[in-house]
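Below: one structure in C-alpha cells.
Think of it as A, B, C, D and E in the order they're written, each chain with its own count starting at 1.
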Amino acid sequence: MTATATPVLEVSGLGKSFLGVAALQDVGFTLREGSVLGLIGPNGSGKSTALDCITGFTRPDSGQVRLRGRDISGRPAHQIARSGLVRTFQTIRLYDELTVGEHLGLALRGLSAEDAGSDDLRQYWLEAFKLLRFRDAPAGILSYGQKKLVALAAVLVARPAVVLLDEPLAGVNPLVIEVIDQAIKHANEAGQTFLIIEHNVEFITSCCAEVVVLDAGRKLAEGPPSVIWDDPAVYEAFLGRKADDDDDTR
Amino acid sequence: MSVMASSRRRVTGGLRALSPRPTTARRFGPWPVPIAFFVFVPLVLRNDYYIDVASVAMTFVVLGAAFNLLYGYVGLLSFAQVAFFGIGGYATAWLVTATGLWQPLAFLAGGLVAALAATVVGLVTVRLSEGAFAIITLSFTLLCAVVAAEWTSVTGGRQGIFGLPAPQFAIGAVELEAVSPSQYLWLLSGFTLAALWGMRRIVVSPVGKVLVAIRDNEALAKAQGYSTNRYKLAVFVASAFVTGIAGALHVFRLTAIDPSVFDFYLMQVMLIVVILGGAGTYWPVVVSAVAFAALPEFLRLADEARLVLYGVLLVVGLVFTPQGLGGTLKERAIRRRLRDLEEDS
Amino acid sequence: AGDGTGPIKIGLSTPLSGSAASLGESERKGVELAVAEVNDSGGAVGGRKLELVAQDNACNPTDGASSVSKLITQEKVSALIAALCSGVTLAAMPIAQRNKVPMVVATSTSPDISKASGAGGNKFVFRINPSDANLADALASHLAGGKARKIAILAEDSTYGRTGAEALKQALTKNELSVTVTDYAAQGTSDFATLISKYRNNGTEAVALYISGADHVGFLRQAAAAKLGLPLTGRVELEGDNLTILRDKQFAGSTSVYPYSSIVRTPENEAFVKSFQSKYGAPPTYEAFEGYNAVKTLADAIKRAGSGDAEAIQKALEQTDLKSLTGGTIKFDANNQAHDKAFILEVRDGRPVVVADVTT
Amino acid sequence: MYSVELIVNGIVLGSGYALLAAGLAVIFGVLNVVNFAHGALYMLGAFAALFLMPVTGYWLGLVLSTALMAAAGVLLHEGILRHLPPDGAFSRTMLLTLGLAMIIQNGAVLIWGAGPRQLPVESVPAGQLDLGPVGVPLARAWIVVVSAVTLGGLYLVLNRTQIGRAMRGVAQNPTAALVVGISPLRIGRFAMALGVGLAGLAGATMAPVFTVSPQMGITIVFKVFAIVVIGGLGSVPGSVIVAFAVGMLESFAGGYGSAITQSVSVFAFMILIMLVRPRGLFAREVRV
Amino acid sequence: MMTTTPAEPALRIENFSAGYVARVPIVNEVSHAVPAGQVATVVGPNGAGKSSLLKGLYGLTRWSKGSVVVAGTEVTRLSAWERLRAGLSLVPQGRCNFPYMTVRENLQLGVATLPRRQRESSVAVALAEFPALEAHLGRMAGNLSGGQQQLLEIAMAMAARPRILLIDEPSLGLSPAARRLVFDKLRQIAATGVCVVMVEQNVVEGLAASDLGIVMVEGRIHRTGTADAIANDPEMKQVFLGGRPGTEPAHAPHSTSGRDQT
C-alpha cells in the first residue's frame, strides 16, 4: 500500500437499495493515484452497483464520491466521464451498427482530444486484441469475447486518468488475458489509475496492489491480495472453500 | 497461430481495397446527382400538373430527410414533426397576413418559431424513454390541432388562414415573385437543396457518428462522455426548424392553412418514406420520398383503391425488404465485406 | 374548353371522404342528374355538352383549396361548384377570384361567404342557398312561439358549426330565448353520451343541432337510446335513417330549418323527386337538390353567355333570374346571394311536415 | 345524480377502451408489434356485428363476430407477421400495421361505402337498466358486463396458465423462449387471435350503440395507443386501469366542461403522466 | 433414419457447416461425437466459432451443410423448440432469460416442455441444487446481478432435464465459489447419463471438469482428445496461455497521457 500517493477517488458511506434489497450499505474505499485496486466479492455483492453509483449511472441513496477532492455525486454520467473517470460495463454495451474502428474513434473524441498519436493507439489496441481484421465490420456481428474486447479497447485507447473496469476478462481467451494484464501494467506505469472488478483470482493477484472485498452489500475486507486470500471470511464468501484446503491462490 | 498473423495483412489490404477510391465521386460525394435533379426538374417541367407533383415530392424530401435525421439517426420517434410543420405554416401565414412582415423574414421566422417550440418540448422530453417521448410528442401534436382550432384571433380557428398571397421577395429594386407554379417550384427546389445539404453536413460530420451512437446505445455514449440529451435536443430543434420552413412553403403553395395540417396523414408519409427508404441511410430516403410522391400519379385509381394499393405496397415492401431500400443496400455491403474477409483468411 | 369547341367542363369540389362524405356523395348525385338532363336536352350552348369533373375535398379547407386549384389549372374548368363545407368554400373563394373562374356555392351556409362576395370583394362567387344567418332568424322567430325557452346548441367543430351556432345564438337572444350551453364536437366524434347526460341535467328544453353527416346520425341514435326526451331543433336533417329515429315520441315537437325538403309540394319539385328517385332509388336530400340547382343555374348562365368562357359566364351569372324548384327565385343581390325559399319543418306523427316557408 | 350518470358514462367508455387496450397490449406484449391496424380491426368487428346481429340476434352475433375476428387475427399472423424477421423492430411493425389499416379501412369504403350505417333498432337490445336514479340503455350496460367478464378471463389466462406465461416470455425475450422450448409461432398465432378477437369484440359491442362507418377506427387508435403506453407498455392490467381512468376523465371533463375541455384534458393528462412516470404508470423497471 | 444402437453416441455431428449470412459459413465442416454421460469442453480463441457451433446445433443459425444426430434421430431440419423436445437444451452465452418475470416464473417456463406433473418437482429440485436462487425467488430476473442471472439460466436448463445439455461459458461472471459449484453440478448431471457439451474460456477449470476436449480455431476443429491430454499439451498451452515470442505487441504508445490527467 502506497500510503503516500494522493487519493484520486474517495468513496464514502455509499448506500443503495432497490425495493427493499440493500445492494450497498455504507461502502467506502479510496483509490490512490497510480494504483490498481481490485473490487471483488461473490455474485450479487454489490460491485456493479457501486460502479454505477460512482459513475453517475445510478443515484446512490447515501454517501459521497470525490474525484481529486471534488464532490461528483449527483453529476450526470457524461460529465463524470469527461472529467477523466471512465468505465466499462459488465453486460456488453456496444453500438451494434457502428464499426469497431468507429467505436474507438468515438471514444477518443468523447473522452480525450484526438492527437497525432491516436491513430497509432487505435492500431495498437486492435492488433493487441486481434481485432484488426474487424476494424470495418459492424460490432453487432462479433463474438461475445470480441465484443468485450472492443469495449475494453475503446476505454484504453482514450487513456483516461481513472479507468473502472467491470469484469473485463469474462469471456476473454486466456491468451488475450495475458495481453490485458500486460497492458494494464504498462498503462499503470504510465500514470493511469485502475479500479477492476474481477472474478479471476490470478489476475487480481497479479495486477492489483490492493483489494476491496464486498459481501452482501458491505465491505468485508480490504488489503493487498496476499493478505486478503488468507482471510477466512473471504475464503468463505468468495472462493467458496475452507482456508485449509488452499492450493492455488498463487 | 501463424496462419492468422500472415492472413491479417492480407485482410486489411482487402478491406482497404473495398473502401471507396478517392475519385471525383469521392470528392463531391453523390451531390452532382441531386443538384442536377433539383435544377433539371423546375427547368423542364412546364405542365402545371407535373409541377404540382414535383412540389409535393420536394416537400416530402425535406420532411423525410428531417424525420430521418431525428428517427433514423438519433432514434427519436417523434410524432411532433407534423406539429412543427403546422406551426411553421401558421406562424408564417399569420406574420404575412396580419403583420405584413417582409416575406423572407416571415419564412425564416416560421422555422424559428417551430424551432422555439421544439426547444420547449425537447427540453423536457428528450431525456425520457422512447414510449414517453412518442406519447408526449403525439399529444403535443393533437394539442396543437386543438389550439389551432381554438385560438381564433390568430389562427382563424377551424377556418384557418386562407387566401395567402404568392411568396414574393423584394430586395431593393429587385422584385422576385413566385406567382406561377413553376416560379414557386424554383423557390422550393432551392430550399430543398439547401436543407438537404445542411442535414447531410450534420450526418457526415463527426457529430453524425455520435448521433448513431446515441441511437444504438445511449448509456455507452454517456460513458464515453457525450452529453446525449444535448445532442438529441439539438437535432430535435434543427429538424423542427427545417420542417417549420417546409411547412411555411407548403402552406403558401396551397394558399390556405387550417387545423388539418396537423393530421396524421403527413406523419404517415414521413414514416413510410423513411422506413421504406431505410431509416438511418441518407440518399435512399430521398429517393424514396421522390418515389412516394410520384407513385400516386402513375396510379390513377379511385382514391380508396389507391390507398388500398399503397397499403399493399407497404406490407409487401416491408415483408420483402424489412430494412428498407437503404438498409438492404447496407446489409448487402456488409455481407460482401464478410465474404471477402472469409475468403481472405 | 373555353375556346369554343368540345364539352364545357364544370368542376365540382365536394367531400367524398371523411365524415361528410355521405353529403358529398349526395350532392354529386344531384349534379350528375342535372348534367345528364342538360346534355339530353341538347347541351348547354351550341350543342356543346357539359362535362363534370369531381374532386374530393375531405371537408377540410386545405384539401379544398388544392382541389379547386387543380380543377382550375389542370382541368381548366369553365365554372366551379364548390365546396359543400363552408370552411372549404371560404378557402376556395380567393382561388376562384385569382383565376377569374366563377364559382357557385350551393350548400355552404356560413354567413361569412356572402359577406365576402359580390360587393364584399369577390365578384366570382355566387351563392344560391340561403345563409345560416337567414335560416337562424327564420327558425328563432318560429321557436319564439313554442314551449322550449332554454336551448342547448350542439355544433360540429367546423366553420359551418361555429358560424351556424353563432348565428343561431344571436337570433335566439333577439327572440328572448336563452342558450344553456354551446358545445363544439370534433367532426367524427363517436360518443355523445356525456353531452346527452348534460342536456338532460342542466335544464335544457330543446337541443339545436349544427352537425352533419355521420355525426348527425350518431347523435340521434345515441340520444334515442339514452332517452334524451327533448325536442330537437336547428339544422336537423330530416332525411333517410334520421326519420326512423325521430319518429320516437321522446323527440315530439322537433323542428328544423332547411332550404329544402323532398316533401315540398310544387310541380317542379315533384318531377325532380320522381326522376331522382327513379335514378337513385331514394328521395333527394338537401345536398342533392342544391347540386342539381347549381348545375341548372350554371347551364342557364352558359346559355346566356353563349360560350364556355369563364368571365362571360361570370357576367351572365350576375344577371340570373331563375325560378327555383321550391317556388322561389334565384336572383343574386349585391353580395351575389340569392334569396330562395327556406322551410321550417316539424316532425308530426313521425313524419316531417312543412309548417312554414320563408323567403330568406 | 348528474355525477352518477357521468360515472356510469365513464365506465361504459372505459370498458370499450379497456377491451381495445387489452388487445393492443397483448399483441404488443407478445409480438412486439404496435398494432396500428387495431382501429381498423375494431371497425371490422363492428361491421361483422352489423351484418350478423340482424340475423343471429345480439348474443350469438357478439360471439360470432369475435370468433370471426380472432380467425382474421390468425390469418394476419400466418399471412404476414410470421414472415417478418424476428428482430421485431418497433418501427417496421408499426408501419406494417399502418399499411394493413390503410388496406382494411379503404377497402371497407370501397365495399361498403363511406356513409354511416346502423343496426336496425330491432336487433339492438332494447330497454334500460335501472340503477336507481339513472337508467342505462341495455346495449351500453352489456358493454360493461361483457368487457368485465372478458378482461377477468384474460387476466386468469395470462397469469395463471402456462400459455399465458409463455406469451409474456416470448415478448420479453424471443431467444430465451426458443431456448426453453416455446414455439414463438404458436404463441404469436394465439396472441393475434386473442388481440384481434378482443378488438373485434370491442367493435361488436359498440355496433349497437354507435354508428358504424369505415372511419370509426381512426381516432380511437391513438387514444388506445396512448392508454397502453401510459399503462406501461405490454402490461395488460396497467392498460385496463388507465383505460378506465381515461374514460372517467373524458366523461367528467365533457360533462362539466365542453367538448373541447374533454379532448384537451385527455392530452394534458397523457403528457402529465408521461412526464411524471416516463415508463408508464404500471411499468416495472429492470436494470440495463 | 437410423435406429438407436448401444454404440450410437448421444450427439453426433457430421460435416456440419453453419453461419449467419448466406455463403459465409462460420462453423466449417465440423464432425464429432459425444457419448452419453460425458462432458466435452470446446475451447478456442475468441471468435473461433464456438458459440456459433452450439447455436448451430440448437438450430439458431443458418444451416448450410452436414447433419446433427441426437441419439440416432436426425434433428438437422427441426426448429429449435422441436430440438428441445428431442432432448437438446441450450444455455446461450450472455444474458438469456425473461427479465420482467420473477425467478420463479423463469424456472416455471424453463420446465415448459416437461409433462405437467413433473414441472413443480423439477423446479423444486433445481432450487435445491442452486440454493443461492432461493432468496431471490420473487424478484424479477432482470434485476439480478450478472452472476445471479447466469446461475438462474443454468438452473433453468437443468430443470428441463435435457438428454444433451449445450452450455456456453457457464462460468461467465461467476465468482470462484459459484464457478466451482456449477462445474460440480455439470459433472453430476453427466453422471446421470446426460451428455454435456460446454464452451469455456476458463480453460483450466473447464477442462478439469471434463472428459473430452475439443479445440476450435477459425471455425474448424483443430484438435480433439481427452480433457487431460488437451490441458497438458504444450502446444495448447502456447495457444491459450500466450508467450509466443514476437507476437507480443510493442508497448502501448503512451507518449502523452490523457489530457485530463493532472
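Heads up, the rule we're going with is that a residue touches a chain if its C-beta (ideal position, glycine included) is under 8 Å from a C-beta of that chain, and two chains touch if they have at least 3 such contacts.
Note that this is a predicted model, so its numbers are computed, not measured.
*Asks:* Going by the average position of its CA atoms, which chain sits the greatest distance from chain E?
*Replies:* C
*Asks:* Of all chain pairs, which one counts the most C-beta contacts?
*Replies:* Maximum number of inter-chain contact pairs occurs for A-E.
*Asks:* Quick one: chain A and chain C, Cα centre-to-centre, how many Å?
*Replies:* Each chain's C-alpha centroid was found; their separation is 76 Å.
*Asks:* Distance from the CA centroid of chain A to that of chain E, rounded to the nearest Å?
*Replies:* 26
*Asks:* Counting only Cα atoms for the centres, state how far chain B is from chain D in Å.
*Replies:* 33
*Asks:* Chain D to chain E: how many Å between their CA centres?
*Replies:* Distance between chain centres: 43 Å.
*Asks:* For chain E, jot down the residues that touch at least 2 other chains.
*Replies:* Within chain E, residues 45, 95, 143, 239 contact more than one other chain.
*Asks:* At least two partner chains per residue is the criterion; list those residues in chain D.
*Replies:* 109, 218, 260, 263, 288
*Asks:* Note the residues in chain C that touch 2 or more other chains, in rising order.
*Replies:* Expected reply: 16-17, 157.
*Asks:* Across the complex, what residues on chain C touch chain D?
*Replies:* It comes out as residues 16-19, 21-22, 25, 157, 181-186, 188-191, 193-195, 197-198, 200-201, 213-214, 217-218, 221-222, 225-227, 241, 244-245.
*Asks:* Under the stated contact criterion, what part of chain A meets chain E in this complex?
*Replies:* For this pair, the touching residues of chain A are 18, 21, 40-45, 48, 68, 82-84, 90-92, 111-113, 115, 117, 120-121, 124-125, 127-128, 130, 141-146, 149, 156, 158-161, 167, 170-176, 178-179, 182-183, 186-187, 190-192, 199, 201, 237-241.
*Asks:* What residues on chain C touch chain B, complex-wise?
*Replies:* 16-17, 56, 58, 60-66, 69-70, 73-74, 87, 90-91, 93-95, 112, 157-159, 161-162
*Asks:* Under the definition above, what is the set of chain E residues touching chain A in their complex?
*Replies:* Residues of chain E touching chain A: 20, 44-52, 93-95, 132, 139, 143-148, 150-151, 169, 172-181, 201, 203, 239-243, 248-262.
*Asks:* Note which residues of chain B are touching chain A in the complex, please.
*Replies:* Per the stated touch rule, the residues are 4, 7-8, 11-12, 15, 18-19, 206, 209-210, 212-213, 216-217, 219-228, 280, 334, 337-338, 341, 345.
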